[in-house]
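You will see two complexes here that share subunit A, one where it goes with subunit B and one where it goes with subunit C.
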Partner chain A sequence: MEKQEIIKTINTFLIEEFELDESKLTPEANLRDDLEIESLDFVDIVVVIEKEFGFKVKGEEMVNVRNLGDLYNYIIEKVNQKE
Partner chain B sequence: MPSWKGKTRGGLLGYRIFVATLKFFGLSVAYFILGFVAFYFYLFTPQSFKHTFQFYRKRLGFSSFSAFFKVYNNYYKFGQILLDKISLMSGFKNNFTFNFDGENYLHEIVTNNSGGLLIGAHVGNWEIAGFLLKRINTKINIVMYDEEHQKIKQLLESIYKESIVNIIPIKNDMSHIYTISNAFKNNEIICIHGDRFTEGSKNIEFDFLGEKALFPAGPFYLALKFNVPVTYVYAIKETNRHYHFYATKPKVYNFKGGLKNRNLLLNEMMQDYVNELETKVKKYPEHWFNFYDFWKN
Partner chain C sequence: MNRVVITGMGIYSVLGKNIDEVRNSLYEGKSGIVYDPERKKDIIFRSALTGAIEKPVLKGILDRRSRIGLPEQGEYAYLSTIEAMKLAKLDQEYFEKNDAGILFGNDSSSLPVIQAIDLMREKKDTTLIGSGSIFQSMNSTVSMNLSVIFKLRGINFTISGACASGSHSIGLGFFLIKHGYQEMVVCGGAQELNPYSVGSFDGISAFSVRENEPTKASRPFDRDRDGLVPSGGAATVILESYESAKRRGANIIAEVLSYGFSSNGDHISVPNVEGPVKAMGMSVKQAGIDSRELDYINAHATSTPVGDMNEAKALDQLFGHFKPHVSSTKSMTGHEMWMAGASEVVYSLIMMQNDFVAPNINFENPDEFSAKLNIAQKTVNKKINIFLSNSFGFGGTNSALIIKKFIE
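What follows is the complex of A and B.
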């Protein structure tokens, strides 16, 4: 799966679920401070990741995900491992 | 800004002495000893004294003279509640009485098969309420910080005869969220405090007793996220042997998604909570058990 495809899938979900403005979705955007995504919202994000990218997310792996770039990189790494 | 760090003060030896006193001499003797222990804390915990004193002076408008006494009474009542909890949960002889305003609301939650969220505060002690919640025909879970949970677990599990509630510790890996989600699906009750600001989480500022204070959004967001009814609860020790439990009418806030809608609903429900909390604090000023600087300034 291409990196751009992964980014597009995540961004589409964030726009639809949280009604976020696309211009805010930069790799540097802090999930909590800039996008107002709370730890509870990770439940939904995990569901989407597992459904769209076909791997199981472990909670402790998400602890270091602070900004959107971290989230993209985490998914890209896991998808590459799978392939 | 100061925030609560997830640890509660109190030593192992102290607990052991009080457990032995309760077991062999009863609650009245334990209360007598507590009078000296409370005085020790009154003299030798300057930070806590300062914040509690300011609470009575600035927030509730007591005179300095009255506030000095209120601080001592506050420490003493806090100790009494800890002793009551040990006494009740350990099956030691006691003769407590209880009344329960809003018990029907909790039965309604269970009957509606939706699960429900009970949000309390560090006003009174709702672990005591666990005894009353036994009358509600479902499993009761209390969400609390892992560090506090471990401490309480190690100290008291050995003496408690029955487990009234299930503890869900808050974990960094967010596993508690899945546990909470499953509990709601099983029509269980989740209890959580709504008055502990912690750094690194979303907090919203409200006017509380005439000054701005931060309240954590997380507990309230739980109700929105899982679309469960929420009620605000308090268990207050009104006399040496009597507790009064309050539960407000449950409300479902119908969250449909989106950040804007979420923030609006969070503000609405948290304002409801803050109003209720303010009423209770004014009614029971000596039952305020946040011993740190709760207000922004």
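What follows is the complex of A and C.
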């Protein structure tokens, strides 16, 4: 899966599911402070990742995911590992 | 002791999505019952009859976090509460600055529980259920969600009293305000309306199988009734002290006079006569009225053979000497179960405001017991000053509310 395709998929669910404004979706955007994604929301992100990318997130792997760029990179890395 | 008044009401039911639509349906004696072919496909239901309701679309109205915690009955309750708040001239700002509580009747939230179990079995991993399920699944889902959405700061829990849940919620809200513990309580009842939630109920042969005539299936008090029809939705009434209503300049719809209750201490599913007689008697006594002042009785009657017979006996025993108008709006709605006690208060308030008694449709031939009652076969145009609303449930729980048109 191409990097741009992964980013597009993530952004699409953030826009559609989380009702976030597309202009806010920059790699630097802090998930909690800028995008107001709270701990309960991470549960739903885990569900979407499993559905869209076919792997199960382990809680400890998400500890260092702070901004949207971290999330992109985390998913890209996991997808590449799988492939 | 405080006087307790109703300043707002809202309804989302199989008779309509708001008070105006429901008023027309009640007046015209319109049925909300349909045949659902889905109940004969995968899982075979004994009866495919059900109330039919339009699923609300709350995207764009409520934020995501609020939406994903709401099961279907929570969505209905959100809408009925919004309507009640508008009528009561209340907004979120009022709730943030004043002490208002919530007591809602609800006794199941089956669908989210089933969906979560299906997911757990499929994925073998609880983290893939999602974050909304837990808040949708609990019996307290409606009070839990609405208290957060509307920022309520007073009492906050759910009443589970089977098919009398909604009525008990109003009764308990009434007591709290009457005795000065709360100034305002958002009361009501909500009922999910999906096949799975009533599968086990269908399985005990409680439902009508008059599938060739869906709108004639729910026929309380009629000689040829053969069971109830499951239904659902939500209803809200805003109760507050008279002082609070006056201070706010709210429009007062009616006054709650009394809440009678009892437990049959008898059979789990078969109602008796004594329990309802006790609850109704208590309500009349507490209201301090002569029972002849009752202009209308909204019966619990669900269209089951024994239940309707025993209620007819109880009504005749207490009120046979003057025969007030009686009707069961379940003839049109089907049995709204956890919601029924609240919705039937709303239906009766609508009748009170518009000077009519809604018909007990499908009452074509009385049986020996219903023949002794003054059942409104057709819409009766008359003024209602005081009404009694009955609600009974499994386990023999009974509630009887008496409500009066407001006079200063």
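Assume the second predicted complex is superposed on the first by the 83 of 83 C-alpha atoms of A that agree within 3 Å, B and C clash if a C-alpha of one lies under 4 Å from a C-alpha of the other, contacts with A are read in each partner's own complex, and residues count from 1 in each chain.
Everything below uses one rule, namely that a residue touches a chain if its C-beta (ideal position, glycine included) is under 8 Å from a C-beta of that chain, and two chains touch if they have at least 3 such contacts.
No experiment lies behind these values; they were computed from the predicted model shown.
In the superposition on chain A, A:77 makes contact with neither subunit B nor subunit C. By the touch criterion defined above, A:40 reaches both subunit B and subunit C. In the superposed pair of complexes, A:18 makes contact with subunit B and with subunit C alike. Legend: residue contacts after superposition of the two complexes on their common chain; A:5 is shown touching neither subunit B nor subunit C. Of the two partner chains placed by superposition, only subunit C is touched by A:56; subunit B is not.
On subunit A, the patch touched by subunit B and the patch touched by subunit C overlap at residues 17-19, 38, 40-41, 43, 59.
Interface residues of subunit A facing subunit B in the complex, by the touch rule stated above, are 17-20, 32, 36, 38-43, 58-60, 62-63. Residue ranges of subunit C in contact with subunit A, taken from their complex: 63-65, 68, 123, 125, 127-132.
The touching residues of subunit A, counted against subunit C in their complex, run 17-19, 38, 40-41, 43-44, 46-47, 50, 56-57, 59. By the touch rule above, subunit B contacts subunit A in their complex via residues 171-175, 177-178, 181, 201-202, 217-218, 221-222, 225, 257-260, 263.
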